[in-house]
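Structure, as structure tokens:
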Amino acid sequence: MTAAALRPELRDPLARRRLGRAVAAAVVLWPLLRLSEFRPSTLFDPANLHVMATFVAGFLPPATNAEFLGFLLTATLQTLAMATAGMALAFVVALPLALAATRSLSVAAVGPAEGRWRGQGIRHGVRMLMVLLRSVPEVVWALMFVRALGLGPAAGVLALAITYGGMLAKVYAEILESADARPARALLAAGSGRVGALCFGLLPLAAQELVSYTVYRWECAVRAAVVMGFVGAGGLGQLLDQSLKMLSGGEVSSIALVFLALVFLADAISLALRKVLA
Amino acid sequence: MRARLRRVAGVASVAAVLVAVAASFAYLAVDFRGLFTAEGRHEMARFVAEFFPPDASPDFLRRAGFAALQTLAVSVLGTLIAMLAGGLLALPAAGRLGAAGKWGARFVLSFLRSMPELVWAALMVLAAGLGPFAGTLALALHTTGVLGRLFAESLENAAPAPEAALRELGAGPVARFVYGTLPQVAPQCVGYTLYRWEMNIRMATILGVVGAGGLGQMLYFHLSLFQQPQAATVLAGMIVLVVASDSLSGRIRRALSAQSH
Amino acid sequence: MSLRLEQVGVVHANGRRALAGVDLAVAPGERVALIGPSGAGKTTLLRVAAASLRPTEGRVALLDAQPWSLGARALKALRARVGFVHQAPPIPPRLRVVSAVLAGRLGQWSLTRALRSWVAPADAAGARDALARVGLAERLFERCDQLSGGQLQRVAVARTLYQSPRLLLADEPVSALDAATADAVLRELVGYSVASGASFVASLHAVDLALRWFPRIVGVRDGRVMFDLAAAEVTPDRLAALYAGDAPAVPERPVETTHGATPPLASA
């Protein structure tokens, strides 16, 4: 059946659009492949294969000598400490930001009060600050703090505090705003300050969700702490980076096992805490 | 009695958390006070000031632009490969090839997902050499684990009646899947992929730090040489890339939601 | 024989007995209606007839073949010649009507043709003809979730018509449709059976429709066949006994068995 023989109502209305999209995709795909230097053949390059083969062959057995295990333990503790301290700071950063950004605590919304426009301006400014804090990946912050403060976990803690602070602030503000605002408004109308309205008006309602999200983020922070170690912020990540550069397969597999166990442990702790605290 | 026990457990947990936080700071023995002395603040201010003004020479802007496009390409290709590979692995992971296939596929997906993208990137640099190809592979591997699991869940939640009816009229397994289940899960799976692509763009900018090309590699390079103005331009490029791709992905999402088969 | 069930019994995994001692033989070109109260086992019977449910007792033969002793390929070919209209249309909402109808021949098409048709419908004209018979030709390229429940059921019927089976089975195919449309759809299905010589076995809730369109009526109750008679021999007493305890759809007078004066379906 030729196209000319097709009666108009039998022509597929989507055919043209689909063909167009397929062509567009093909046209875009080629430069993408070139730009990203997509060359699967390099995987089978003899030099690379040799390196990978020796490396992977070294995975078993995992390194278990006492000296290395000592390093591993220190690194694990350092990573855990980095994540916990970073989250604590992030919490400290997030709370005032969330407070400032929550409309439910706006005194101006309750009744006539001066500085209404200023209040809204501050709220918008705070929100934009939170967006900025969130847009830059934590690894980039870590990289810069490493340049500024030198190698070590301090860079990681600060990077976590900033990025996760922004993330926590956004979610705290959302949680606080979606909670029932009437008790807080009543307190504000009765003349209580913002902090008072937060503690006795909003917090009791929102506490469970706030805690739950914070603990979940701590779990993510543990993983992020490992990743930041790669750029010099200490902990398991830095150890892994060193072992990879030395191509010691045994050490890498030990670290990988510990990392998987750590993630699993953090997941379990997070679940347990959420159940108990909520 | 039960409620009392819960309250005790709650208080104990809060206490444990506080102790953990204190212990963490103590263990790290980080002297943050140094940051807040006058000298510390002065140092920080100087450090920050070195980033301005960012290098805006046309030659460098062109290089940064190229790196941005490279990062974008890595994220698109990596996510695309992951969508296909994740789709393939999702079928056994959803139980369509028997119990052994299910546990095998789920194990593979879990392993791919657990290793952070940066670790995969470091490994891929070993396997494929420095450059963006390693980044593409790293993103593809990690994202396959993520998407594969999400796709498998979608598959398991799909209604079985359409495929059963097609089986009754003699359709083969692939045709049954395409006409019966795929229309049900496709919109959700595409949504997951787009969402994952948004995250992968951020990831792709970082992967260069271990040598996987793009903006990340440029940033690491210039920071190592203490060339702050150039680093500032690269950072600005990163933010622009993320914002632009967020809006593009939003538009694609809206266009696809109107599509049909 | 298009369909032969010999002493078929079905006991579900939970111990519940759905069918017992069912004997049914349908000759090529015959039209049979299954009637009976809800839960009588009509759906189970049809599923056994479609070889999608294996009976715990007895033997099944479809189109002169034993489905449960066939190899996979032969079973697939056999299934392609058996059409089944379900009570609820098993069509994914985001599929387009044209693809939903064309899916009827998936048992006969190669995989390449099936995949190509999914991207660009291969036989839009054929799909349109099938849809025209149920009065939905103008909805050819719309998405199924833009149709009402009754329209979607008609698309499912169109799919089975497009399949052109030798044995047509239907489980309450028109229960979701209003009286006039139900009658018109049954007229199309019966017309297909007459024109192609395919056998047609349908379970129906509305007894008047059964009596009007089917020359042979089988009454099913509690998993057993209560009677297997020509339509004219089905008296109100028998119907009352069949539906005893159930809300009856019993007509008061025997209804004519030839095509009544039914309005044609809204044309395309």
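For reference, chains read A, B and C in written order, and residue numbers begin at 1 within each chain.
The rule is simple: a contact is a pair of C-beta atoms (placed from the backbone, for glycine too) under 8 Å apart; a residue touches a chain by one contact, two chains touch by 3 or more.
Because the structure is a prediction, the values reported are computed rather than measured.
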Most central chain, Cα average position: B
Of all other chains, the one whose Cα centre sits farthest from chain B: C
Chains linked by the largest number of contacting C-beta pairs: A-B
For chain A paired with chain C, centre-to-centre distance based on mean C-alpha positions, whole Å: 55
Cα-centroid distance, chain B relative to chain C, in whole angstrom: 50
For chain A paired with chain B, centre-to-centre distance based on mean C-alpha positions, whole Å: 10
Set of chain B residues in contact with two or more other chains: 260
Per-residue multi-chain contacts in chain C, two or more chains: none
Junction residues of chain A, two or more chains touched: 14
Residues of chain B that touch chain C when the two form their complex: 159, 161-162, 164-172, 174-176, 178-181, 183-184, 186-187, 260-261
Complex interface listing, chain B residues touching chain A: 6, 9-10, 13-14, 17, 20-21, 23-25, 27-28, 30, 32, 43-44, 47, 69-70, 73-74, 76-77, 114-116, 118-119, 122-123, 126-129, 131-133, 135-136, 202-203, 205-206, 209-210, 213, 219-220, 223, 226, 235, 238-239, 242-243, 259-260
Touching residues (chain side chain C, partner chain B) in the complex: 50, 52, 76-84, 86, 88, 90-96, 99, 103-104, 106-109, 111, 114-115, 118, 143, 163, 165
For the chain A and chain C complex, residues of the former touching the latter: 1, 6, 9-10, 12-15, 18
Interfacial residue positions of chain A with respect to chain B in the complex: 14, 31-33, 35-39, 42-43, 45, 48, 51-52, 55, 77-78, 80-82, 84-85, 88, 135-137, 139-140, 143-144, 147-148, 152-154, 157, 223, 226-227, 230-231, 240-241, 244, 247, 256, 260, 263, 273, 276-277
